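Heads up, the next two complexes both have chain A, just with different partners, chain B and then chain C.
Moving on, here comes the complex of A and B:
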């Protein structure tokens, strides 16, 4: 019972903060709303009893990705005081089309899916050892390939950012 | 009696009462620790420290907090109102969340999580959000600079920090903080992983913005950094956060590396001795932080980044790799001590060599120094 109430509170918070990301007129406010929204999604994972995924969500999205967004804003904005941005009107129709199609797709998928009825109230506890077994043994090769991709991105970023004396 | 059993009746009531106890004890401890720090720093600098308020200045902490509460809460006109006002609370919430999983004695914390170690660094990473909000929302250039510095520094130092914790988790084979402490019945993990301990301590200083890594809050450079515009109760929230996270890190670090409530004889002598052990270890840990603060001068930002990416991170990776070999092939545990000890000696050697080396040329240095030299930029 208490879990259900909490679930609805968090669901409302996620929807509210996501609306805040879209509707707030300042990019900085949008970024902060995004952090709150992603944190709420992390809390949802706790309700699904996948604590590992919840913590990964907090660490990667809450602590790293959005911080990088904020850092980029700090480094590029001259005026960081949260005043409303000027809206670029020529992009509005395209944004409407893309947003409308995406929203329609999500609604259609949600309606077409046959959701399982009442599952037993206690989902299976997911063991950390099982996750690591899958990640590092069974699917070791994709994991290593993904890390090579990240390494290439890192090296590329260093080369782009590096200023040679001659430049 | 384990963590799951509600000690105070209902489960939710039990959780709330435990949180209140932990937070109250922590707040009183923080209040008096500010006094303790001033006294300790004063002693190291051959001064007296606070002496006027009460005998030996013992009432100084109370006087300071009263003054801070009564002080006017000013919001600058250029500030972004909501971002500015919520920033101190958002920095404090992660620290509060971390205090909820630390084991202070055997089976006594607020709650024990099976992934406690991972939880601690995942949640403490969220600390940075509030700091960046303070930097962005203040409408002040110094605050913005402080926020940028804090973000770059914390994101960079998180990597060696996590690596050093992972190498301990590899040996323990679990992420459960209570179990990690119980595992150190015969020897604390610092003996097996001295290199990881050194890396953890350094990266922790950086995460806490303590000297020599206090670049984001450097008074002489950017006049206080991200909380330059705050005053009164909100400023004291930032101070409370800083000291509370110092306590959280030191309890956490002593559980991971120094044996927490278990070593020595914690499991045998009961909870009184266990609480004493936790208290002694965390006080020694915080005193070490302050000792470093009074001894080492502040680093420059490029030195800071170079030290993280070129020294700490490779050493942490080597540590992880060596642990992997030793644990997979079941080589004796003493090898862990030998390899990690050699690494620790190497790290200390690098630091000493850097400290005593004279710069060969001055033209490569950055910033104001080059302009003082008069060479064309």
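Moving on, here comes the complex of A and C:
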């Protein structure tokens, strides 16, 4: 019972902070809301008994990704006057329609579909040994390829962002 | 306990908020943040399915690991592009960088 109350609190916090990311007028406020939203999703992973992924979420998203995003915001500030600039394009009402229709569709599909298995059951305690077995043995080749992808992306990012002579 | 549908509805809401952000925002970094929201909704969906429907193999959790990896690579690359764009055009708004060729 206490778990369900906590779940609803976290769900409301995630929806609220996610709405803050996309509706906030200030870019920095959006970034702060993003940190809270990602942290809330990490808490959801704890509810799903996947504590390892919750830790990964906090470390990679809460630590690395948001720092990168804040750094990019700092480097690309235009106005020093501090007056609020226009953050939405002229197409924003259409985007609202598209997002609302898509959200309604997804919610209806999620509620109408009969999923196989016992849905209201407590999620099984997911063993870390099982995750590592699946990740390093069964998905070993994709794991190595993912590391190559990270390396290539980092080299590409460095080449793109490098200050060239005569630039 | 919380049934599976709650997670699905929650992730659907986060995903459609992210879609709205991607379509409506002007600043490229804000578009990137909305993409992160969408990726998170997808990971949440994968892990919920793994915990409720596939607890003996947890394929969804493995996919979530790969989603996080690709998201990290994507953020690094996209921010390099944004910084490059800002240096060349003195703007980071996507609607001001609409020319395909100089």
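Side notes on the structure shown:
We adopt the following convention: the second predicted complex is superposed on the first by the 135 of 167 C-alpha atoms of A that agree within 3 Å, B and C clash if a C-alpha of one lies under 4 Å from a C-alpha of the other, contacts with A are read in each partner's own complex, and residues count from 1 in each chain.
Heads up, the rule we're going with is that contacts are C-beta pairs under 8 Å (C-beta built on N, C-alpha and C of every residue); 3 or more make two chains touch, one makes a residue touch a chain.
Just so it is clear, the structure is predicted and the values come from calculations on it, not from any experiment.
By the document's definition of touching, of the two partners only chain B reaches A:58; chain C does not. Contact with chain C, but none with chain B, is seen for A:131 once the two complexes are overlaid on the shared chain. Taking chain B and chain C in turn and counting the residues of chain A each one touches, the greater count comes from C.
Of the two partner chains placed by superposition, only chain B is touched by A:74; chain C is not.
Once the two complexes are overlaid on the shared chain, A:21 sits against chain C while remaining clear of chain B. Applying the stated contact rule after C-alpha superposition, one finds that A:29 touches chain B and leaves chain C untouched. By the touch criterion defined above, A:106 lies against chain C but remains apart from chain B after alignment on the C-alpha atoms of chain A. Across the superposed pair, chain B and chain C both touch chain A at residues 56, 64, 68, 71, 73, 75. Those residues of chain B lying in contact with chain A across their complex are 12, 78-80, 83, 113-115, 118-119, 121-123, 125-126, 128-129, 132-133, 135-137, 139, 144, 147-148, 151-152, 155, 158, 175. Listed in rising order, the residues of chain A touching chain C in the complex are 3-4, 7, 11, 14-15, 18-19, 21-22, 27, 30-31, 34, 37-38, 41, 44-45, 47-50, 53, 56-57, 60-61, 64-65, 68-69, 71-73, 75-76, 78, 86-89, 91-92, 94-96, 98-100, 102-103, 106-107, 110-111, 115-124, 126, 130-131, 134-135, 138-139, 142, 146, 149-150, 153-154, 156-158, 160-161, 167.
The part of chain A that touches chain B in the complex is made up of residues 2, 26, 28-29, 32, 35, 39, 51-52, 55-56, 58-59, 62-64, 66-68, 70-71, 73-75, 80-82, 128. Contact residues on chain C toward chain A in their complex (touch as defined above): 1-10, 12-27, 29-30, 32-34, 36-37, 40, 43-44, 47-48, 50-53, 55-59, 61-62, 64-66, 68-77, 79-84, 86-87, 90-92, 95.
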